[in-house]
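Below are two complexes that have chain A in common, paired first with chain B and then with chain C.
Coming up: the complex of A and B.
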C-alpha cells in the first residue's frame, strides 16, 4: 500500500512542476511590456521601473524562476497590485466560499442523482427509466452560463424564493449550487444506473437470493454496496473539476470565491493575483485527484494490484 | 426512415446540427437585419412580429445576432476540435508507437496539461495574451488535446499486440507506415466519438470564455457574450439571455446526441 501511494505521489512531480512553471511564465506571455499592460501607457517611467523591480522583472529569467519557487516555498505569492495585500492572504480568505459552494453542489448532485440512477436501474425500460435518461441528457447538455440566469429569472425574480446573487443568507447558496452541480448530477445518475445494472447481473446477486435474502436486502447489501464504489470515486474526482467550474458560477451569482477573485483580478490586470489564483486552483485540483485516487486504493485492494 | 427508427437520437441531433450549419453558412439569408445595425430608440424592445427575439441594449435585432453567433460557435468548434485531434493523435500515436523516451516525454507533457482543470488553463492563457478571436483559438487548441493523446496512445498500445501488426512488421513496415496504414484506421472509430464529445466541450468553452469577457469581443455576436450582456437585464428584458442560451443548449444537445449514438455504435 505504501509503495503504491509513494509511486502515485512521485507521479505528481511532473504535473506540479508543469503547473508552477506555466503559472510563472504567464506574466512573460503578455505581449509587449507586462508592466505597461498593468499600469497603462500613461504611467511615469520611474513608477514603471519601480514596479518592474518590485516584480523582479528586471532580473534574468532563471533568477526570477528560482526566486519565484523560493517565494512559493515560503507561502509568498507576491503582493496584489489592486489592494496591496499579500496574494496568499487574499486567496485564503476566498477559499471557504468556493469550498462551501463545491461541497453544496456535490451534495445536491448526489442527493438527486443516486436515487434517480438506482430507481432507473431497478425499473429498467420503464417510463421512469426513460424519463431519467432524458433528464440526464438535458443535464449534460445545459451550459452553466445559461442555466444560472434561467434559474435566477424563475426562482429569484418571478417566484422570489432565493436571493439573486451574493453570499448572505443561507438560501443564497441554493441556486449557485444547483447551477454548478447540474452537469455532475446528470453524469452521476447515468453512472449509478449503469453500475447498478452491472452489479445486478453478477453472480453474488444470485448467491444472495439463493441464501434466502429478501429482494430489498439483496439490492441494498449487495447491488448498491458494490455499485456505489465507482460512483463515489467519480464524485471525488468531480470535486476537483467543480473548483474550476466555479469560476463561471461564481461570476454569474457574484459569489465571493476564488473563481470570482480570479476574474476580478484579470479585469483589473492584477497579474500577481491572477497567477496566485490559477496556481491555487490547479494545485488544489491535483491534490484532490491524488487524495481520491489514494482513497480508492484503500477501499478497493484490486486497484493496488492492477496498477 | 429506417435510419431514423434505428437511431432516433442521432437523427434528431443531425437534423438540429444540419439546420444550424445551414444558418451559419447562409447567415445573411436567415438574419432579417444586420447584426450590427443599432437603433437606440428601440433598445431592449421585447419580442414582436418584426423582431421575434426582441432587441438588445443598443437596439440591435437579437435574432440576427443569434444567427451570426452560430458562425462563431461552428468556426471555433470545428477549427479547435480539428487542431486538438491533430495534436493529440500525433502525440498519442508517437508515444504508443515509439515507446521509450518518446513515450515518457510525451506522456509527462500530457500530464502537465491535464493538471489544469477544465477551463482554467484557457482562462490563464487568455488572461496573459488578452481577449480576441485568434487568442481564443490558440488557448482552446492548447488545452483540449490531452484526451485525444491518451486515447490514441491506448489504442496504439492495444493494437501493437495484434497479429496483423506483427505481420506488417515481418513484411518490413516502419513506424510511420504502421501508424498511417494500421493504427490510425483501426483507432478511427473511438477517436471520432472523442471528437464528438470534444466538440460539445469546445463550443461550451468558447461560450464560457466569451461570457467572461475573455473570448470574442463586441461588436461580434457570440452567444456567450450575448448571455453576459443580458445578465444585467434579466428582470426587464429576459429575452436577451434566453434566446442565445437556448440556441447554445440546442447545439450542445445535438452534438451530445450524435456523440452518444456514435459511442453506442462503436461499443457494439
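Coming up: the complex of A and C.
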C-alpha cells in the first residue's frame, strides 16, 4: 500500500512541473504588458523600461524561468505586481472562501444526487425515474450565470431568506453552493443511477438475495457500495475543479475566492499571481487525484496489487 | 435533527460574521477591488477614487472640473520655472502627525525617484529639478523647462515623510481614514475626526466588491448598497428608473470615445475619407437608442465639461449624401455591387463595444464602405493598437483633464512608446500650437491656443470623436447630497449624509 501511494505521488510531480512551465510560457507570450497596466499609458518609455528592469521583466525568458523555479524551490511564489503583496499570502487569503464553497457545493450535490440516483435505479422506468431524469437534464442544461441571478431574485429579493451576495453571515453560502452544486448533482444522479443499475445485474446481488438479506440491505450494502466507486472518482475530480475556483459563481455572488483572484490577475497581466493561481489549481487537482487514488486502494484492494 | 444542527454548525464555521451596516455609513458597490491604496501608485480607477477620500492633495477639481486649492493655501509662479506653494497651517494626518512642506517634498521626490516602485503620476510632473522647503509651510518647486500643466497635475495625495508603500496601512490627511479591509470583499473607511475642512457627516464609507453588474443592482434594490456608479449597462436604465427608492443621476463626464485611423493607410490618409466617415455615422441616433442617453455627441477630445473645451466647432452632422460626395471626390467611386473600399475595424470583446462597432459598420456600409469587424481580448487588442497594427479602431480616452493630453495624442513626436499618436498623424500647424500650449502659463491664452488646436483637429480629423460619456449613478434615496462628478470620483461623499434605517 505504501509503495503504491509513493509511486502515485512521484508520478504527480511531473504534471505539476509541466503545468508550471506551460503557464509561465503562455502568460509571457500572450499580448499585454503588466508595466503598462501598473503605470498607465502616459508614463514615459524610459520610466517603463526602468520598471521592467526593476521587476526583472527585461531579462531573457529562460533566465526569468530559472529564477521563478528557483524561487518556487525556496517556497517563494513572488510578489504580486498589482498589489505588491506576496503571492502566497494573496492565494492563502482566498482559500477559506473557496474551500468552504467547494465543500458546501459538493455536500449539496451528494445529498441530493446519490439518494435520487439510487431511487431512480431501484424504481427503474417508474414516474420517479422519469422525473429524476427531467430534473437531471434541467440541472445540467441550466448555466450558472442564469441560475445564480434567478436564485437571488427568488430567495433574496422576493422571499428575503438569504443575502443577495457576499461572504458574510452563515446563510450567505447557501445560494452560491446551490448554484454551483446543481449541475454537479444532476451529473452525479445520472451516474449513480447507471452505476447502481450495472451493479444490480451482478451475480453478487443474486447471491445476497439467496442468503436471505432484505431488499434494503441488498441495495444499500451491495449495489450502492459497489456503485459508489465511479461516483467517488467523479466527485473527486469535481472537487479538484471546485477547489481551483468557480469563476462564474464567485463573480455572481461576490464570493472572494481563488477563481476571481485568477481572473483579476489575468486581466492586469499580474504574471506572478497568475502563475501562483495556476500552480494552486494544479496542486489542487493533483492532491485530490492522489486522495481519490488512495481511496480507491482502500475501497478496492485489487488496485494496489496491480503492477 | 442532530444532523441539521451539525450542518448549520459547520456552515457557521465556514462563514465569518458580518455585522450590519453601522449608522451613518454609506455602502458603495464596486466592480473591482482597488489594487493600490497609495496615491503614488494608484493606477486603476477604483484605487484612484478611494485614494482621493483617504489622502488630501495640494489641489483638487470641483464638480465643474475647476481647480480648487485643498491642502494648498496659495500658489505663486515666481518665474516660468519656479512655483511657490503655501500650505494651510494646522493640518494633521490621520495618525496625528502634522502635515508640513517636508511631507510634500517627500511625496514628490518619492514619485520622481521611483525607488519604491514606478509611479503613474511621474510623467505628469514634467522635469522637476528641485523641491525646496524654505519653511514648514512653504514648498518651492523648480522645473527644468516651462511646463504649464504642472499645477493642474498636483492633485495626487500627500503622504507622510518617510512612508514606504502605504497600500496595506494607508495614512493620509483626507476626509476619511482607513479602517479595515478584506481583499476581494470590502474596504471600510471611517470619518477623519481631525479633518482640516468641515468634518464629513458620514461616519464611514463601505466599499463592497460585487463584480457582477446585475447583482450590484439587485443589492441596491434590496437596500444593502446605497450607491452604484458607472459602468451601468445602458439597457438596464429604464428598469432602474422605475425602481422605488432609487434615483438615477447623470452628468456628462470627461471620457471621450473616438474612432482612430492609421495615417499610413492608403484610404485613411486622405482627410476627405475621414470626413466622409464622420458624416456617414448618425452619432445622435446611437447615443439615443443604443446608449440610452449615456453619451452626448461631441466634436473634440476635450469634453464639454472641461474648461478648455472649444464650443464653437463646426459639427459633423449625419449626412450620407455628403459622405458619398466626399468619397467620390477622393476617387473612391461606387461600382455596381461592390464596395468603394473595405476597412478593418478593431475593437475589444466587450459586448457593448462590439454592438457599437456593428452599428457603425452598418452606417458605413450605407455609403459604400465595407467594414470587417475584428474583436480581440483586451490585451491583444490594445497591444495591436499601441504598435500601429490597425487600419481603424475605436477606444475611449479616460480622465482627460489638462488639454496638454492633445500633445500626447496628436503631436508628430508623440509616437509610441513615448506617446499615444498611434496613427502616426503629423500636422506642423497643430504641432506648433501643442508645443506652445505646453509652456504658456496664462490660462486665457492657453484656452485660445487649445481652442485653435481643437479646431484644426476637428477639421483634419486624426480621430472622429464619437461622443462624451455621461457618468451615471444609481443612488438610494436615503442618501442626501451625493453628486456625480465628471471624473467619476466620490468627492461628494465629503458633504453627503445618509438617513439610517429601512428605506
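Everything that follows uses one rule, which is that the second predicted complex is superposed on the first by the 265 of 307 C-alpha atoms of A that agree within 3 Å, B and C clash if a C-alpha of one lies under 4 Å from a C-alpha of the other, contacts with A are read in each partner's own complex, and residues count from 1 in each chain.
By our rule, a residue touches a chain if its C-beta (ideal position, glycine included) is under 8 Å from a C-beta of that chain, and two chains touch if they have at least 3 such contacts.
Computed from a prediction, not measured in an experiment: that's the story for all the values here.
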| item | value |
| --- | --- |
| Which of chain B and chain C A:43 touches, first, second, both or neither | second |
| Partner chain in contact with A:233 - chain B first, chain C second, else both or neither | neither |
| Partner chain(s) touched by A:19 [first = chain B, second = chain C, both, neither] | first |
| Partner chain in contact with A:143 - chain B first, chain C second, else both or neither | first |
| Which superposed partner A:256 touches (first chain B, second chain C, both, neither) | second |
| Which superposed partner A:267 touches (first chain B, second chain C, both, neither) | both |
| Touched partner set for A:30, first chain B, second chain C, both or neither | both |
| Touched partner set for A:247, first chain B, second chain C, both or neither | first |
| Partner touching more residues of chain A, whether chain B or chain C | C |
| Touched partner set for A:152, first chain B, second chain C, both or neither | both |
| Overlapping contact positions on chain A, where the chain C interface meets the chain B interface | 30-31, 149, 152-153, 157, 251-252, 267 |
| Touching residues on chain A, where the partner in the complex is chain C | 30-33, 35-45, 47-48, 50-51, 54, 82-85, 90, 93-94, 96-97, 100, 103-104, 148-149, 152-153, 156-157, 163-174, 251-254, 256-257, 260-261, 264, 267-269 |
| In the complex, chain A residues that touch chain B | 11, 14-19, 22-23, 26-27, 29-31, 137-138, 140-146, 149-150, 152-153, 157, 240-241, 243-245, 247-248, 251-252, 262-263, 266-267, 271, 274, 278, 281-282, 285-286 |
| Contact footprint of chain A on chain B as seen in their complex | 108-109, 111-121, 123-125, 127-130, 200, 204, 207-208, 211-214, 224, 227-228, 230-231, 234-235, 238, 241-242, 245-246, 248-249, 252-253, 256-257, 260 |
| Residues of chain C touching chain A in the complex | 8, 11-12, 14-18, 32-33, 35-36, 41, 43-44, 114, 117-120, 122-124, 165, 167-168, 182-186, 208-212, 214-215, 218-219, 221-222, 224, 378-380, 382-384, 386, 405, 408, 417-418, 420 |
